[in-house]
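Input: one structure, supplied below.
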Amino acid sequence: MAERNEAPVLEVRGIVKVFGGVTALDGVSMSLLPGRVHCLAGENGSGKSTLIKIISGVDTPDAGEILIDGEAMSGMTPARALRAGIQVIYQDFSLFPNLTVAENIVLPAAIASRKKLFNRARSRPGAQRIVDELGLTLDLDADVEKLSVADRQLTAICRALVQDARILFMDEPTTALTHSEVARLFGLVRKLQERGVAIVFVSHKLDEVLEVSHDITVLRSGQLVASGDAREYSVQSLTVAMTGRDVDTTRLVNDLGKRGAPLLEVSRLDLPGAFTDISFDLAPGEILGITGLLGSGRGEIVEALFGLLKPESGTVTVNGAALRPGSIRSSISAGIGYVPEDRLTQGLFLEKSIADNIIAGSLDSHARGKVVLSQKRIAETISTLFTRLRIKAPSVAAPVRSLSGGNAQRVVLAKWLATKPKILILNGPTVGVDVGSKNEILTILRDAAREGMGVIMISDDVPELVSICNRVLIVRRGSLVAEFDSEQIEAQRIQEVMAA
Amino acid sequence: MPIRTHQSAAGQVNSRIDNTVRTWISHIHVDRGIGRMLVLLVIAFALFAVLNPRVFMNPLNLQNIMVSAPEVGILAIAMTLAMLTGGIDLSLVSIANLTAITISTMYTGLVGSDPALAESLGGVIVLVGIAVGVLAGLINAFLISTVGITPILATLATMQIFNGIAIVWTGGKTLYGAPQALSAVGKSTVAGVPVLFLLFLVVAIVIGLLVNRTPFGRKTQLQGANPTAARFSGIRSASVLYGTYLTTGLLGGLAGVLFVTRNPTASADYGTSYVLLVIVIAVLGGTNPMGGFATVTGVVLATLVLQVVQSGFNAIRLSSYEYSIAQGVILIGVMVFDQLRFRRRTRYVASTQTRNIASMSNVGEDADETPDTAGADSVETK
Amino acid sequence: GTVGGGGGGTDDGEALSPEDMTMVTVVKITGVGWFDRMEIGVNEFAEESGVDARQEGADDASPEKQVQIIQDLIPQAPTAITVVPNSPKALETVLEQARDQGIIVVTHEAAGIENADIDIEAFDNKAYGAQIMDNLAECTGESGEYVTFVGGLTAKTHMEWAAGAQEQQEAEYPDMKRVEDPIETKEDENVAYQRAKELLAKYPDLKGFQGSAGTDVAGIARAVQEAGLEDSVCVMGTSIPSVAKKYLEDGSIDKAFFWDPALAGKAQLKIAELLASGKKIEEGTDLGIEGYESLTKLDGFDNVYVGDAAIEVDADNVDDFDF
Amino acid sequence: MTLAQRMKTLAPRLVGANNEGVLAIIIVVLIIVMSLLSPSFFTVHTLFSIVRSALVPSILAIAVLLVIISGGIDVSFAAIAIFAAYTTVHLAQQGQFDPGIIGILLFACAIGAVLGFVNGAVIARFRLPTLIVTLATQGIFRGILLVYIGSRYIAQLPDSMAGLSTANLIAIDSSRSYLPLLVVPVAVIVLIVAWMLRRTMFGRGIYAIGGDTEAARRAGFPVVRFQIILYMMVGAIAAIGGLIHVILNRNANPQDIVGTELDVIAAVVLGGASIFGGRGSVLGTVLGVVLVQLINNSLLLMGVPTAWQRAAVGLLLVVGVGIQALSARRASRRTFVLDTVEA
């Protein structure tokens, strides 16, 4: 970093932050230089988001100081940070669900320039300009709560870029985005960087990280473990720095042996507007990958399997018995489990304890005579799963809100494994999950499949599909367009068919 | 950083988990709401006992507190259940009055023709009365679950409807008459403790068990904590909501039985002041009005606290308005205290943790695995 | 055992001197003009007699709070509790308990209550209703349509006044007609105003209004005034001078009826004092309080005595009262 | 745009963001039904009468709307309204002085704002649930009013107020229909609040806070300050409501208004505001109030005995809110499918 002798725009020294029993940050220091993209890397729960939230005044540190242009800022608040030119794309977006996209984009800008009146006529063109600059199609008049996760993420990005930032934090801005959107975003990032903006970029997609960053800081369990020029790192070495160990990403697929009767049979499933004529099956122990571009209908297919959507025609049978369409209960009692895409709102009870979350789906089976819960059986289930999934938390009584992404996802998995499902459907199981956790989650799935469970996994992450799936289906515009069997599975070819 | 071998880590983790699971199981009921209410109860009691011992420590006074607590307490428990699902039930008092009116009407109707029969059918009459409460609960459940009306509005409307029915039914008059066995129960004591109070404790224990020890109760909590995740976990909101509002209707009916037990009369307008009071009690007792968290024990204690303060105020000759000021101050005071305590504790834990960590040479994965029982409730910022 | 069982007052039977007596008057609700006025009577009585007398009441007029207050008073073992119940029947049990403890119970506005030593009424409710009706009939020329307002359909005395008036009208004034069942105003002047307006629109020939809650006639008067019907519509009913005054002066209320709560409060306490010192209340007892100089026993009850304390005010004498 | 497309965008606009359209239709249908049932209903007299009875509830409902949009529920506004109005009249009475209507207004608003500040400070500073805090302060304010300020019914208002009591904006003497002058200040307040909510950063901030408080904080809104100002504003508006109530009643009774909280909240939510915060409009609220008053004040005309009124109001509430709930449910289902179509 010494190659430029420019003064850092922002510097943090010895930041400490403790939540309850968890040390999120343990004396972290970092400095940002104008015109450089600084990558903050680390596993789930290593403290990346916390550091960002402290710098942007959302959280107050227990110790340490923040300097902007060499001047110490005491009592940082979001408003002061914004006025100092700090813009943040938060991991959870922090949008207003009840307001329109346009308002979401321009409101923070209007606050920062201390406007008293809200000028509707000015707000739209302002928002439109940034949407166009990013080459997006966003309905500016739609309420944010009606948007898909990807569109929300795009809205959050537009919001941060609409103002002239001096320092831009991007906390996992690409998790829900497609390749082309990511590419355009990176284009803009480069433009900003040329304009002298200091940018902090957080992502678990390590190849992305290496693509855009100049500097890298690696956190592990709240401590700074490595820092330096990005050119000195490869995906491998970065992974080692993050996890403290080597992570294996080679293809490791369970052997299915001889094909018997299928576990799940989907036949001619149809839901106009979402998908048409979907037929496939799943063998016991098989891990089936489904992929396709965002909005291709792949999510809707599995939502129909789980009963969240009601298909207009077609049948789904599990072990030969037909499911009642559109009934979650029927799917669950047939032995289907579903790990949803949006784990924070759909998968978890954030304020409830880990223990409560783990048994949330299997309460009836933990009751004697379906009436009284067996404390003993519950304790067994919880401790077994807590151990088996290696959930990192101070205790099972800790609320799930205090967990990082990867650990939270393990809790969702635990909830379904507690129901002893025959089929587990996972929608983006490793989105926002760090490399170490990701491999552990894949290992858990392989183990479960080895015991006879059928797994359906939706993912954007092609290498991940390659590393675990027996078979991969590709969805395009609501139809199954290709099927890759074990030997044919290869990242390059899948990507080609997807994008075609 | 040294990488721990799988075995030793797993073994360690295992024993730790056994411990934490055990503490979790035993601590799960000792939640917020209980401790502070216990403290408040003792303080209030001691204060009035000192200020006016002759009146306040009079056994009669204590007995009276135990006689008046149950009807409010049962309604507060019902309110707690509704709040647990993130809802509210404003119609409880109207339901109780409908039950009381049913009982009184049936009894006086029968007594006219055959007094002995009326007495012997006392149990049946009471059951019919409670059934009316359950029916009212069913209507609430239908509006909230099937039609999808927000609970506060649905029960606001049914409060007026049930009350209107009661007025039309009674012509606005106060009905007199209830099975004598009820009145006898209302007056009897066991070892100096009024039977009504024992009944209240039984109801509290049953509901406490229902909430914590049955799949239904746990589903209620989860539904209140996050309805979407509950749906994705296969919890049917319809069955939770129907179960909840049927139970609140049942408890409302039970409160109505207590109304006629304490006093063999029934009218459309008895207990209207309880509607907001029971919300206060439920929250004082640690119920999160947003849903998901509640303790029945806390609610029982909160009921007693308010009863004690009220009769204490009377004993030291303060007016009802001064009591209503005090009630407001206690409510805000308790909540503010909770907030401050929460803030202080996180800071305290923070500093010790930092010290611990600093003193540890090996800051590894286990650093944040130190068992910490305070972690459970220190994050409840709601 | 039973609740409150085994207790029992210590001062049964023996006559006390006034200085040793404590008495509490429990009213329907505190903080309203009517009972503020009663409190003046209570305090006056305390001063004059030497009895430790005070008034209590809940912050709203709900029966359950009154039960609670009386229940809390019992352990304090006052010599007497005098009560103006919101719902007499709802108090039976707790008053019984009080009497079991040897506390003297005197009630007011609660004819028919069982667990009171004496119930003292300013007048006979039926007769009072009839009195209002006589005045109304006189004003309307003994013919025409009229309606009756009550504070609440659950307010017993209001309903008795309404019934008394209706009986009188049916017996004496066949050309008059009550066109609606009693109208509920929720003791709210605005509701009375609103209802009166609707009724005037619905019945263009309406000739008379009878009000029961203190605020009823004021609300009716505003509607009548607005419609410019001061001279053609008769408005009468229970109210207190301070509320009715300005409408009496402009003619939108024709007559208001009431009794003085201060005197009623005193009369209750006086009766309690007499009982506590071993005396009896009988036909003709003189309490030495205006309107209660010669009590009459009410037929059909064994503990109800009535005074002759009804007061009529019109524009001419309204200034004689200061509450 | 094709016709079909235009219809598709037109329909939701007619329904309104908060179901205002549905509400308007319900009101129109009710008016038609009532006019058919009772010929004396459809008159200017009835219209003015309903407008008059809606004045105070509208002001109070606007105050409640602000709180509800910000994600709270207030049950103390009635206590604040009567506290401010009664105290003002009481002081004028005791001091035998009449500061003029503007002085009275300012004084009452100041009292309302101070009480609102208590609410806001406790709620914002300690982040406590608003329903519970205002439940507590309601008892406190009312207790203080009746114990320390006064409980007497005041029959004679200061002259400046009494003068307004009978002042009319429109007076049709032939049918004895009067529209009180106080319609003007009520309309002004309604319009100012509507403008503030839509066109000021403060107004948008209230929506933002109601939508997601933490997001509002992160976006730089001074959440604590906004909440405190909001509750002070609510207190001041409630005080004006109390004052108007007192003026229309021509007397000051400290027992008034308190007890109508739930009815006002019901009207606001009937008007499309979400009790979860972030949604609600002034137009919808006014329509909600009008609907409730329409029902309240017409049952007698239609021959419904008063004994049945409470039940009838409850039933209509169920029907009104039920229609909204069902249509919202259908709408959410429809958008879901549309979403997937676009996907």
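To keep things simple, chains are lettered A, B, C and D as they appear, and every chain counts its residues starting from 1.
Here, a contact is a pair of C-beta atoms (placed from the backbone, for glycine too) under 8 Å apart; a residue touches a chain by one contact, two chains touch by 3 or more.
From a predicted model like this one, the values you see are computed outputs, not experimental measurements.
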Of all chains present, which has the mean Cα position farthest from that of subunit C? A
Averaged-CA centre spacing for the pair subunit D and subunit A, given as whole angstrom: 43
With chain centres defined as C-alpha means, what is the inter-centre distance between subunit C and subunit D in Å? 36
Quick one: report the Å distance separating subunit A from subunit C, using the average Cα coordinate of each chain. 72
If you average the CA atoms of subunit B and of subunit C, how many Å lie between those two points? 38
For subunit B, residues contacting two or more additional chains: 167, 171-172, 319, 321, 323-324, 382
Where does subunit C touch two or more other chains at once, residue-wise? 30-31, 59-60, 153, 184
Run through the chains and report each pair that touches. A-B, A-D, B-C, B-D, C-D
Residues of subunit D defined as touching subunit C within the complex: 38, 40, 43, 45-46, 49, 53, 142-143, 146, 151-153, 155-156, 176, 178, 245, 248-251, 253-256, 259, 296-298, 300-301, 305-307, 309
Name, in rising order, each residue of subunit C that touches subunit B in their complex. 1-5, 7, 30-31, 54, 56-60, 62-65, 67-69, 71-76, 87-94, 101, 152-156, 159, 184
Complex contact set, residues of subunit B against subunit D: 90, 143, 147-150, 152-154, 156-165, 167-168, 171-172, 276, 279-280, 283, 289-290, 319, 321-325, 327-329, 331-332, 335-336, 339, 381-382
Subunit B contact footprint on subunit A (complex, rising order): 16, 18-23, 26, 62-63, 220-221, 223, 244-245, 308, 328-329, 332, 338, 340, 345-353, 355-356, 359-361, 363-364, 366-367, 370-373, 375, 378-379, 382-383, 386-387, 390, 392-399, 401-402, 415
Interfacial residue positions of subunit C with respect to subunit D in the complex: 30-33, 36, 59-60, 153, 180-184, 187-190, 193-195, 197-199, 201-202, 215, 218, 222, 226-228, 240, 242-243, 245-246
